[in-house]
Amino acid sequence: MQSTKANYSEKLMQAVFYLSALISIIAVIAICLFLLLRGIPAIGEIGIMEFILNEKWKPTDYPPSYGILSMIVGSTYVTAGAIAIGVPIGLMCAVFLAKFCPDTVYKIAKPAVNLLAGIPSIVYGFFGMEVIVPFLRENFGGNGFSILSSSIILGIMILPTIISISESSIRSVPLSYEEGSLGLGATKEETVFKIVLPAAKSGVFTSIILGIGRAVGETMAVVMVAGNAVMPLDKIKLLKPIRTLTTNIVTEMSYASGLHEESLIATGVVLFVFIIILNTALSLIKTRDAKN
Amino acid sequence: MSKIKIEDVNLYYGEFQALKNINMNIKENEITAFIGPSGCGKSTLLKSLNRMNDLIEGVKINGRMLLDDVDIYKDIDASVLRKRVGMVFQKPNPFPMSIYENVAYGPKTHGIKQRSKLDDIVEQSLRAAAMWDEVKDRLKKSALGLSGGQQQRLCIARAFSVNPEVILLDEPTSALDPISTMKIEDLLVDIKKNYTIVIVTHNMQQATRISDKTGFFLHGEVVEFDDTEKLFSMPENKKTEDYITGRFG
Amino acid sequence: MDVLRRRKTISLILKLTVWFCGILTVGILIYILLFILLRGVPKINMEFLFGEYNSDTLSAFSSVVTTIEMVIISLFISVPIGVFCAIYLTEYAKRGNKTVKVIRLAVDTLAGIPSIVFGLFGMILFVKLLGFRASVLSGICTLSIMILPLIISSSEEAIKSVPDMYREGSLGLGAGRLRTVFRIVLPTAMPGILSGIILAIGRIVGETAALIFTSGTNVLKNPTLDLMASQRTLAIHMYMLASEGLPHSKEMAFATGSILIIIVFLVNYTTTKLAGRIGRLSDE
């Protein structure tokens, strides 16, 4: 009697565990489904080519025009800028933490990096608005809200991602490689940069892709520093305002309706596709790693 | 003539004394073997000969170690020293790159950029390590695809590549099968005419097979250092005798 | 000798660069913290913390209460699901199982989805289709899905690090699998699971993009626990204050930012402490 009861609860809980595990799958399917359901008709109505290859975004004009090319380019520039700033600094900082940092400094630097990861986007955005934008305005002219200000803020925001993942992959490079190189007379720095870093490259790539994902998807920090003006392609400049895919959604959703609203959801679909591509790249790296 | 002179060397890891009052002369064009139980200090002494102990925190050394009468801890830059005194480690540790790049890494590091020169060095080093014929058709392939024995010979070739005077080997065959071990032993005997070789080994037969001089280490001290033949046939010290006849411990 | 001098110079430059970037990273953090805290902390007073919201006080009270409400209820939903999912993945699923691969893929995908996309999804499903309107409830539903991958992966890590001998010991004594999981595995994995939960708290507290179209930017005079009310959280409070553009509201944005930073600080401190405990556990 006792054992059948135990058996029964064992079975029941096993089912509960299984169902809980399925929820993630259901959630992903639901997200895809609802986004596509609400986004695809709009893309169909506007025309896919018109939607992603037209630079004119005039949803409230008559007749309206729904082209997001300018935002696709905007997201690309801002992300590229973030990578250009965040990757070198982050990578060097990871090398510092893994190979050069004395224990006493590490006890401060490592929690600092973790704290950097925990600071909310909104605080970064506010900091950018209050510090970086005025700085650019005073030193380079314009109003300061620009690709550059967005890139700087995003560059800082992706630092912890780049640093932690690169650091742990640098740490996992066998010490014997280092010994081999030092034994040949290479200096510590030569060894780290010519042997250790190349051996850690798959972790470094992973960190960069995750950093790109974070930069492409970031919304609130960018909306506060980018200026959010839709720029014709030929007017896009480093020190001029910019609108990205994410900020397009957040600046207009509150008053959009009908096809305008759906085209904003469709913007989300395009963003989602970007993220899926990045995720695929990540799993490719993972499987290649597993093979080696 | 003495290539390396070790005078009154004491080495500490923090509080622990790993080497006690070591005195030793290591001759050119000979193979010198260090034997002794684990933790006796033989590897520690070997590593301090090209300052690989510098990497470990809390290491303190006093006394003098001379290479051609120059103090290696005072008057030579570590990078220059390690170019002159090469090292082969216990576990084969080729870099995760091609066979060619593995051998070319050393000379490149020391400033050789010319492609033809590098090609020459790679070929000569691999020939010297008796593996040119095995790998000449796959120089561009990853070194990690080689067998353990080939990897270790590649590491020896890598050590040759910077044209060293002394080669230190830290139990180079302990991770290898008998055939690979034999190849490496033959190789060492072959090349000793051009180099000074110091080898740490767990395997006493290996010491008798290849070395000219043998040092027996125990608890951080050199118990006995003599011609290999003499040390193994008529050891002066009781402890040495116990160890080589297997009665030790 | 010339080559050696050049190599030494390059090495020195590399070393200095590496140190510089390390110091720069820490410096950026300190700058951000000081910039917000020095101007924000002096502005925090009783009225701001516990007063009624109006255009003078710009009180954060109702936002704080809603933030706490959202944290508690979202965790209530997500933690059991996440931990159970982790249990399934580590304790029950067979190796190489297809479902496991799909679940992992789903968890990874969820983890990579930007907040704004969660916000859109929440708006479509909860706000509109299910008719929850812009409400705390819609916000909670959205957040629960958003933090799920965080809970799952930290729980999975924690459960995986429980030594097999604990399980064998328990099973060997005749305890069932379920009993072993709840009496032995979960208690041992608790610090790791907790640190995942705490990170999730940090994520919820700092979230804006996913909430702006689900729970909305509305602010009530006095706190409410009504799930159907539209009420902003602390982070959105900061966003709204910052985008007002008025000097007074900007000052209060600094104050709100300070509270957020203090919360993040506490979250990080606690997770580090917990992680330290796990480290010691696995050393034993």
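Order of writing sets the labels: A, B and C. Residues in every chain begin at 1.
Throughout what follows, contacts are C-beta pairs under 8 Å (C-beta built on N, C-alpha and C of every residue); 3 or more make two chains touch, one makes a residue touch a chain.
Chain labels with UniProt names: A = Phosphate ABC transporter permease subunit PstC; B = Phosphate ABC transporter ATP-binding protein; C = Phosphate transport system permease protein PstA.
Values in this document were obtained by computation on a predicted structure and should not be read as measured data.
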item: Chain pair with the higher count of C-beta pairs in contact (A-B, A-C); value: A-C
item: Label of the chain whose CA centroid is most distant from the centroid of chain C; value: B
item: Geometric centre distance via CA averages, chain C-chain B, whole Å; value: 53
item: Inter-centroid spacing, chain C versus chain A (mean Cα positions, whole Å); value: 16
item: Centre-to-centre distance between chain B and chain A (centres being mean Cα positions), rounded to whole Å; value: 49
item: Shared-contact residues (touching 2 or more other chains) in chain A; value: 187, 190
item: Sites on chain B at which at least two other chains make contact; value: 79-80, 109-110
item: Two or more partner chains touched - positions in chain C; value: 7-8
item: In the complex, chain B residues that touch chain A; value: 50, 52, 55, 78-83, 86-87, 89, 91, 93-97, 105-106, 109-110, 155, 158-159, 161-162
item: Partner chain B, residues of chain A touching it in the complex; value: 174, 176-177, 179-187, 190, 194-195, 198-199
item: Chain C-touching residues of chain B, taken from the complex the two chains share; value: 77, 79-80, 109-111
item: Chain C residues touching chain B - in the complex, by the definition given at the top; value: 3-4, 6-8
item: Chain A partner contacts - residues on chain C that touch it in the complex; value: 7-8, 10-12, 14-15, 17-22, 24-26, 28-30, 32-33, 35-36, 80-82, 84-85, 87-89, 91-93, 99, 102-103, 105-110, 112-118, 120-121, 123-125, 129, 145, 148-149, 152, 176-178, 202, 205-209, 212-213, 235-236, 238-239, 242-243, 253, 257, 260-261, 264-265, 267-268, 272
